[in-house]
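Given below, in the form of structure tokens, are the structures.
Both complexes below contain chain A, partnered by chain B and then by chain C.
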Partner chain A sequence: MDRFGPKRYGFILPAIIFTVLFAIYPLIYNVVFSFQDVTAISLIQKTSQFIGFKNYIDTLNDPIFRRTVLNTLIFTVLSILFQFIIGFLIALLFNKEFPLRDFMISLIMLPWFIPILVSGTVFKLFFMDMGLINRFLLSLKLIPKIVPWITDANMAIYSLTIANIWLGIPFNFILLYTGLKGVPVELYESAEIDGAIGLKKTLYITVPILKPIIITTLLLGAIFTIKVFDLVWIITGGGPGNSSHLFSTYSYQLAFGNYNFGLGAAVSVIMILIIIVVVSILNLIKVED
Partner chain B sequence: MKLTKLIGLLLSISLLVVSSTVVWGQQKTQITVQTYWSLEPPGGVAWSDIIKKYESSHPDVEIKHYYVPFGDLVKKLITQALTGDFPDVVFADNPDVQYLARAGAFKDITKLVQEWGVWKDYIPGSQLAVTYRGKIYALHQSTNNLALWYNKDYFKQIGIASPPETWDELINVCQKLKASLPKVYPIGFSARNTEEGTWQFEPFLWSSNGSLLALDKPEAVRALDLWTTLVKEGYAPRDVLNWGQGDLTQYFKNKQLAMMVQGDWELSQSGLEDFKKNGMVFGNNFDVAKIPVPKKGMKPVVPMGGECFTLPAKGNPQKEKIAWDFVKFLNDSKNMADFCANTGRVPTRISAIEPLLKDRPDLKVFTEQAKSAVPRPAAGAGEKYTDVSTITREAIQKALSGTLSPEQAFKEASEKIRKLFSTDEEYNKALVEARSALSKVRK
Partner chain C sequence: MRQKSMWKWTLVALIPVSFIVFPIYYVLVGSMMTTSQIFHQPPYLIPPNPQEIVGNYSRSFRILGPYFLNSIIVTLGVMVVILLLSPAAAFALAKMRLKLENIFNFIFMLIQMLPITATIIPLYLFFREFRLVNTFVGVILGISSFAVSFIVIMLTSYMRSFPVAMIESAEIDGASLLGIYWKIVLPLSMPALATASLFAFLQGWSNFVFPLTLLQDDKLYPLSIRLFTFVSEFGVQWNYLMAGSFIYSIPSIIVILIGSKFLISGLTAGAFKE
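Here is the complex of A and B:
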């Protein structure tokens, strides 16, 4: 048998075919679209024209798109930051033995099991002007008047971020929790003998050992958060006044709301480029380690 | 050895399956229909009944229904147009007909319609909705529109005898309702960032003589001003920005809204039952009235709702004749009246309106308004309507959320809409078309 001969490619052929058909081909098709004037009509009549960078120029000049970039930034950074901190704190807490721990863990995981269609709708009911949060805060006299959580153009994106943080905690928690389980207890014991207590143990033992897991968590978190779609679509639909769009929802609205596939493709190509950049940066940190 | 055996077995099974369908095919011709109407009871009873009725009068035909969710239908038709693989009978919401005709998804059925000879029986709006560049591309099977629904009990409580007819009266009623019923919002409508938002605003825009293509004109701005006032004064919750029409019905049923802008499809037989379960009987506890107009003597003009059936651009020629027969059957005056009576819709054929009203006098407001209803593309730049609608509702949302004043929001929107046209000539042509569509139905 020749281990290094051309035969060995036979083994990876299925994987290559699959990737080309289902990942690379649509991706290239999408890039081609983004340089064309594609609408539903031109698509069917096969009259799409090559228009160079016009879709990209139009997109960059579009105030809604600029707002979308800002929104995606706010949404992603705040989501990852808080999901991670809260998830990490809960993981630390659950790393200690206490009764009913396993049951509580399954409760923590609950948001992950609920379809986003359901949790999104519930959040919409919570955040409404006549919704639960406003009624609760009003009855406790914590707010003087109704807070327009999702009906104010400036606030909507922050309310969506809160909802997304809640949704993302289980994911961060479970990755970090399994990581913590792998830290040898002896390390803490010897550190205690050397006089390390509380926060010091976490900062100087747990965090360095968990570093690869932390980076993986942040990496996956970034990818998941940048492409969030359903939550925003259900709660605000990108409104009010297109003030709470993310790349995904705006690209969808352009492509499937207005049937302007060219513009929608341009937005999604920009989104993919940004994801590639973010992932590369995080990977670089990981490799350096 | 084993592999060949397995392949042999699989082959014989598939042959068996194929041959059995061939045998079936000889007995019955299968006609495929694609809609976003469910066949499930209680809502889908009328639709499944009409299919069964056709099958029992045509024993050699089997109707196979494919359900597609509302939001996916146009996408599906576009994909089908790309592959040329259509069902035998296609269906679309009326504002999408012109676009799909232009895209080449629908067949030009002008000749077939002329041969049938009932074209003149369709109400003007329905004729407009299915016509593109002088050719007929579909038949409008039923229509619906929006009216003002009001809770009669609440109106009695504050001593108001009749529903508001003008905008001043509307504001006045809201003021009184708010003063005496602090836990109830006087009115609800949908200003969501979907077509629903534009569709709900159009009755106010058009009744005020405004046009989607001239939003910066005072007639248009005053309509947005009315909506903004309703929200600003707290007569409608700001939640209207995220409410769909389904939400409105829920809050109205729960008596959290005293009035709402809502369509007649909620008056289906099963819908009426639902209202009853909540202690609301039509005519006793709640009623409908025409959309309020800016000043006395003006006529409410509402957008035209409802779905159309037609033949696909590339159908199966052997089945086309039966498919067309089924489309005619659905558009038959009697069948139309029955279907509308059950689903709370309005017939598009004049000859079906009287029989319906005998059955369902409660639909009178909607049948009256249907006569002057306008199909949205006809009054909003035809195939550019989806873009016009997107821009319009963005402006509505900006005004209602307080981001911009109504004047500013509509000024911005009208500039954006103007940019959809490459030349002044093109824009002026669309403007004139929209004006003539509106004046046509106003007569």
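Here is the complex of A and C:
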């Protein structure tokens, strides 16, 4: 291909220019804005000034931000843990041949591709005080009175986590399912001769072989989960009383709810830094293998 | 005998599958009830009089009607941008051994890791300057700013597997670069391009945050944002909301049920790329 010379770059440049213009350039400016006093008023008066680390200092002293850090931690760790376990169990189940398997796999994929507005809305209907879950549990007499799933400041983040676990199962399932299909059947057969059954077989044969895929799944799961925005915005909007924000929704709230774009940018820069750290650590583990 | 024992696993698999499908099933059920039936105690899991579906769907069709076109424009726009930019870039990355290849790869990979909030604040402020706020062009560019690189990565891993011999023999025959792309690379990539189109469709159709941020005029709302404003506007008319939500989901459900094989192969190819 080399003889075509610089003409070859004509194929990649449009996509690169596009991505630099609409993603990289804004990304850099996001950092610039985080050091500026950019608000609705300063934009109109064109008085946005550099104010050093003030946005960052304000953010770190902000009790809602501290709450947000804790929320993001709870949300991410619990989501990844349960999505992975449930996805893995379903993948093990689907590793057998049975009728209608492919159709059921398509059904499992639904949560991933259904518009997030729809899944968010229906989970809101489930979690409301008079929503489906409370009425269902009340009618079975499993709870004495309604549980404030999304109206209690301490519970909302856990309810959001439940919804997000549902949302993440297809992704974990399909990666692990594809990985399992690559495990040679002979390995299981020889293990069976040695007397390994059930859980033992899974733990000592499947998990070690799948290790690279497991790490990839956890890595991508972490990236996806830290990024979640829509689900929270649709179900609670970060409420009640700013108690269920993640980095993404809090940054959005500061910028587009309070019109303090500089502060919002600072929160999202902190978020990006955390993503970089998490991804690097997981990548190191991956490379060491 | 053997057949019978295998159906047993189908029944076992039905347990997790029902839990996963239930919320979507409930949207359908909700769209066949009145609001007071939706909030009935004990709750209905099967609609008591499903004929409510007629009233609910015709009402929400009337409300949503004008917004369908908005969703279609945004979706088509996103598909055009992605299919114009991504396959060519993937061809270059997969086969051309460019000097800056590593940098290009890094840029596309980086975008995959970014949260939407990493760029949306500056993007909104720039679009405001260039009068792209409140336009479909702005929304299409915004959605594509993330989607283009995802599709590049997906297509690159597919195109890497092409036999080099075919391209080389065309080169020897004196074909131009554009000719090779058009007559060899694109036809060979058809399955991957189909997958890419499905993804582009789902991105454009489902995206929430860009229209939420960039559109203020409610006449321009796509279905996602129109439905988002439904609750506050109509108080507690959950039946119309459920009917509208189900209508809005139908294209995605069709795409998944028909194309899940393509989608899965595209996704796993992208994920396991080293």
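Following the convention adopted for this analysis, the second predicted complex is superposed on the first by the 264 of 289 C-alpha atoms of A that agree within 3 Å, B and C clash if a C-alpha of one lies under 4 Å from a C-alpha of the other, contacts with A are read in each partner's own complex, and residues count from 1 in each chain.
Throughout what follows, a residue touches a chain if its C-beta (ideal position, glycine included) is under 8 Å from a C-beta of that chain, and two chains touch if they have at least 3 such contacts.
Treat the numbers as computed from the prediction; the structure is a model and nothing was measured.
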Completion exercise
Max touched-residue count on chain A (chain B vs chain C) belongs to chain C
Practice task
Identify the partner contact of A:Y158: answer first if only chain B is touched, second if only chain C is, both if each is, neither if none is.
Solution key: neither
Exercise for the section: Return first, second, both or neither, reflecting whether A:I41 touches chain B, chain C, both chains, or no partner chain. Expected result: first
Practice task
Considering only touches as defined above, state whether A:F113 meets chain B (first), chain C (second), both or neither.
Solution key: second
Exercise for the section: Please indicate which partner A:R135 is in contact with in the superposed arrangement: first for chain B, second for chain C, both, or neither. Expected result: second
Practice task
Pick one for A:Y56: touches chain B only (first), chain C only (second), both, or neither.
Solution key: neither
Problem - Partner chain in contact with A:G257 - chain B first, chain C second, else both or neither - result: first
Practice task
Look at A:R101 in the shared chain and tell me whether it touches chain B only, chain C only, both, or neither; answer first, second, both or neither.
Solution key: second
Fill in the blank from the handout: Shared chain A footprint, chain B vs chain C, residue numbers 43, 130, 256
Problem - Contacting residues of chain A [partner chain B, same complex] - result: 40-41, 43-45, 64, 124, 128-131, 146, 148, 150-153, 235-243, 253, 256-260
Handout entry: chain C to chain A touching residues, read off their complex
Key = 3, 6-10, 12-14, 16-17, 20-21, 23-24, 26-27, 30, 38-43, 81, 84-86, 88-89, 91-93, 95-98, 104, 107-108, 110-126, 141-142, 144-146, 148-149, 152, 167, 171, 177, 181, 202, 205-206, 208-209, 212-213, 223-224, 227-228, 231, 238, 241-242, 245-246, 248-249, 252-253, 255-257, 260-261, 263-264, 267-268, 271-272
Completion exercise
Per the touch rule, the chain B residues reaching chain A in their complex are 74-75, 78, 81-82, 99, 102-105, 185, 192-194, 237-239, 241-242, 256, 383, 386-387, 390, 394-395, 397-398, 400-404, 409
Exercise for the section: State the interface residues of chain A toward chain C in the complex, per the touch definition above. Expected result: 1-4, 7-12, 14-16, 18-20, 22-27, 29-30, 33, 38, 43, 86, 89-90, 93-94, 96-102, 104-111, 113-119, 121-123, 125-126, 130, 132, 135-136, 138-139, 166, 169-170, 174-175, 178, 213, 216, 220, 223, 226-227, 229-230, 233-234, 247-248, 251-252, 255-256, 261, 264-265, 267-268, 271-272, 275-276, 279
